[in-house]
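After this come two complexes, each holding chain A, first together with chain B and then together with chain C.
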Partner chain A sequence: MNLELEWLTFKGVILRHFKEFVSYRTSVFATIIWPLPLLALNVYQYLGLASGQQVGQVLNAKYGIASFSGMIILGTIVYLLYNRMLWGTGASLQEERFNGTIESLFLTPANRMTVLLASGFSSLLEGAWWIVGVFLLSWVIFGVQPAIADWGAVIIALISTMIALIAVGVFFASFFVLTRAADQLATSLQAPIRYASGVAFPVAALPAVFQLFAYILPVTYGINALRSTVVQEGTLISLVGTLAPLYIFTAILIVAGHFILKRVEAQAKRNGSLYKI
Partner chain B sequence: MGYAFDLDVFRGSYRYSMLQTFRYMNAGFFVGLQVLGPIFFLLTSWTILQIIGPSALTTFTTTSGYADYIPFVILGFAFQAVIMNAVWSGANGIRNEQQAGTVEAIFVTPSSKVAWMLGKIAGNITMALVSTSIILTVGSLVFSFTLRTTPNILAATIGVLLTLAGMTAFAFALAGLTFLAKRADDINQVLWTSLVFFTGLAFPVEALPQWAQAISWIFPITHGLAITRGAILKGYSIFDPTLLFPVVSILILTLLYIPIGYFSFRTFFDKARKKGALTGY
Partner chain C sequence: MSTLLLPDEGTAYVNGFDVAKQANEVRSSIGVVTGGERGLYWRLTGRENLLFFARLYGVREDKAKPRIEELLKLVELEDRANDNVEKYSRGMKQRLHLIRGLIHDPPTLLLDEPTLGLDPNSAVVVREFIKEKLQKEQGKTILLTTHYMEEADQLCDQIAVIDHGQIISKGTPAELKAGVQKIDVLRINATSVPESLISDVKLIGGVQEVKTSVIDPVAGLTEILVHTRSAEETLPHLTETMVKAGARVRLIEQSKPSLEDVFITLTGRRLRD
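== the complex of A and B ==
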């Protein structure tokens, strides 16, 4: 592996994605605006049924969650980033296929995994506003005060969640191109994952069958890690139980993504069907 | 070109729209957006109700005037397909043609573009009605609620039809905007979430702050939903004084939005032609 070449590939993909992103003013505008209605919707699904104070009391008594809005905000941030991964990185190879450029991409000597990892990283960069912006909005609108005991734990939880989300994107990119139905799978997965990963409530509140599903989703662990460190004064030690499965899933998804991608390439060489949509 | 030709264009566009929905390429969108989406939103509302417990129903009844939350929310999310139709059908119709490189070919034919667009929207409306029926059936079976009164089906149907007419105007305006803004997906994502928030699908509009309630009244779907909920959950007829405000509002808004939608579509389309931006994506 030539690190200089890998870096060039990585940089090239990021630059390309960035240029594509800023070329459409609507994309930039939507990225800035979208958290607002999503956050409001998640909050008002509760406030339509009880006052903020009542909800806070119930969540604290039943699930030990001290901040209702903090819980929603962190769930929403991770969901937004996951969504960006699903559509940005997950659908990236399918997008190449639609654009008629997938064959050219697979003919270059560039490392496929580097291309996908760079795509994931650029998706995170595009979504970075959400982390800063949503926190600012939460502070201004909801007066959310973070309860942080260990800043190191917050940074590690955030970085680990991002790494896991990139792995999710890489896996989906390979899987989607194999199934040729990226957009449809991404669309179909949005709602079930939003529900099961506990974006709007703790996973413990889900019916048992969905809790089982929740624990195979890296998004669940990402949300838990951030909730624990940002609004529940979690420390690095208390985070181990959440981060361990998060990294296990990250490793599984990266390895699975790598092998599926190899299969896609082999299949393309064998029957020349890569460009087909 | 006469009306017979326009009707042919409408029919062709409608058939194309229906075929596209069920083809391998697009069936997943229907399932994902119009079936799984509302069902999981419904589950979210149900889970939140379980979390808060019985006190939630008291607050809900005081705010909305309805006795049960679950039928209220099932009817709300059954309307999600109508929203999806409004925000996606026209815009996506244009976007798909842009991506396939066929938009110019379509727009140089002598066919009526309005008939063509109406055909696309009608195809989506048909699917929206299918999805609405699925959500109502699944919701009723899974959550097994019982209606406290005999529903007024005629009034509910009028509510749905008026909503569809009002939201079709939105579809036209958005379709026109897609000529210039290109990224229909991004616009739709923001709009869809905003509409679900403002129109009271998951919670009573009365729970929103005053300024947000004022915004919610500009959407025909808010009034359509009030009519349909009133008709099904309380058995109101369309002439019931309680439904006077939503009925009059939706009629006025629809009459207002149809020409606005049409002229927005024409304006954006002409602008795109002048800029040579019709095919660019």
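== the complex of A and C ==
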């Protein structure tokens, strides 16, 4: 492995994504605006039924949720980042194809996995505003008070979640490139993940069969890790049960994404086409 | 050969590397230039596109930046290098494509229809760049694919004519033309040419191919190219047929076969069939 080439590729892709992202002001504007109504929607669907205090009491009594707004805000942040990966990294190879640049990209000696990982990292950077912005707004509007016992645990939970989300993006990217309908696939994956990963409610509230589905989703573990450390005074030790499966799924998705991508490229070389489904 | 596809059978080596087994080494040692609007990032500037691809080829910035300036000057794009590619004309994009393929200074270039869709002036600029800068000054090995026979004639030392995926003839432009010297080409300019004339001319003994094109729609002037085994034998019958058909002949001349004539003779069909 040529580490210099890997680094240059990684840097090149990130800078390219950043330039493309800021080249249209509307896309920057949309990125800033889009998450805010979603956050409000998640919160107000509860407040339409009862006051925040009453909702908080019920959630705490039934599911041990210490902060009603905190639960929703952290779930929403992870979901927003997941969406960013789905549309940013997941659809990245497909976008290269539609833009007519995939051949130019594949004609270089650059490592395809490095390109995808850098694309994932860029997507997270573009969505980084959401972590800061949404949390600040939630503090101002909804009065969320963080309950942090271990800042190290928060940082590890955040980084682990981000890496897991990049793995999700890489996996989707290698899969989406097989179809002409990547946009529709990405859309179809938004609502089920939002539902099953417990973005706006505890996973324990789901029927048992859906809870099984929830626990094969890295998004679920990412949300749980952040909820635990940011609003429930979780520590590194209490995180082990959440982070271990998160790391396992991250590794599986990266390996699977790498394997699928290699197969897809080999098939395209044989058939002269990437489309399969 | 560019490593985008695997060979159907057999092996191929580019710069000593196996295209199937050493794809990355091949990619590093060639520059591929495609024609058309695709292949560049439109939301990046020309300079940013070049720097991006330089990184993907592993060219460090301290080497890439002066190289980019040198290449931009070479194709006279330095004044527009900071504009987004989406603002470029077709010819400017093509020039950027060309230098993108040169960014890592490969010894071999694959040029795929490098003047496709360009206006005549831009096509001349691109062809001159390929011939003067890349071939003569830099001594690059160039594999060029084109449907423009005039371009192949002007740029190529060796030509392979491919029809239905098979090489049907190869050699220097002069050798290929010499191969069809036994074919005479008659060029006729005429007005009032009826549609039935083509089929009538094809019936004349020795005539192998007849091609027409309108060269002046206002004056109704049509050019007719006749490939025949013997101009001397065909000419009297041809003029008689044309007069009978009511065509008014302005010019008849015998010309040397061009590479286009070679292609038509070899494949038995026109270029864009």
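In this text, the second predicted complex is superposed on the first by the 271 of 277 C-alpha atoms of A that agree within 3 Å, B and C clash if a C-alpha of one lies under 4 Å from a C-alpha of the other, contacts with A are read in each partner's own complex, and residues count from 1 in each chain.
Keep this in mind: a residue touches a chain if its C-beta (ideal position, glycine included) is under 8 Å from a C-beta of that chain, and two chains touch if they have at least 3 such contacts.
Being a predicted model, the structure only gives us computed values, none of them experimental.
Applying the stated clash criterion after superposition on chain A shows that chain B and chain C can sit side by side. In the superposition on chain A, A:Trp34 contacts chain B only, with no contact to chain C.
Touched residues of chain A, counted separately for chain B and chain C, are more numerous for B. Of the two partner chains placed by the overlay, only chain C lies in contact with A:Arg16; chain B stays clear of it.
With chain A used for the fit, chain A forms the apex of an angle whose arms reach the C-alpha centres of chain B and chain C; rounded to a multiple of 10, it measures 80°. Once the two complexes are laid over each other on the shared chain, residue contacts for A:Tyr24 go to chain B and to chain C alike.
Once the two complexes are overlaid on the shared chain, A:Glu4 sits against chain C while remaining clear of chain B.
By the document's definition of touching, of the two partners only chain C reaches A:Ser104; chain B does not. By the document's definition of touching, neither partner reaches A:Asn60: not chain B, not chain C.
Once the two complexes are overlaid on the shared chain, A:Lys269 sits against chain C while remaining clear of chain B. Look at A:Leu185: by the touch rule set out above, it reaches chain B but stays clear of chain C. Overlay on chain A (Cα): least separation between chain B and chain C is 7 Å.
In the superposition on chain A, the residues of chain A touched by chain B in one structure and by chain C in the other are 24. Chain A makes touch with chain C in their complex at residues 2, 4-5, 8-9, 11-12, 15-16, 19-20, 23-24, 99-101, 103-110, 269-270, 272. On chain B, the positions that touch chain A within their shared complex are 24-29, 31-33, 36-37, 39-41, 43-45, 47-53, 55-56, 59-60, 63, 69, 99, 181-183, 186-187, 189-190, 193-194, 196-197, 202-204, 207-208.
If you check the complex, the residues on chain C that touch chain A are 2-6, 24-25, 27-28, 32, 34, 36-44, 48, 51-53, 55-60, 84, 100. Within the complex formed with chain B, the residues of chain A that make contact are 24-27, 29-31, 33-34, 37-38, 40-41, 44-51, 54-55, 58-59, 62, 98, 181, 183-192, 194-195, 200-201, 205-207, 277.
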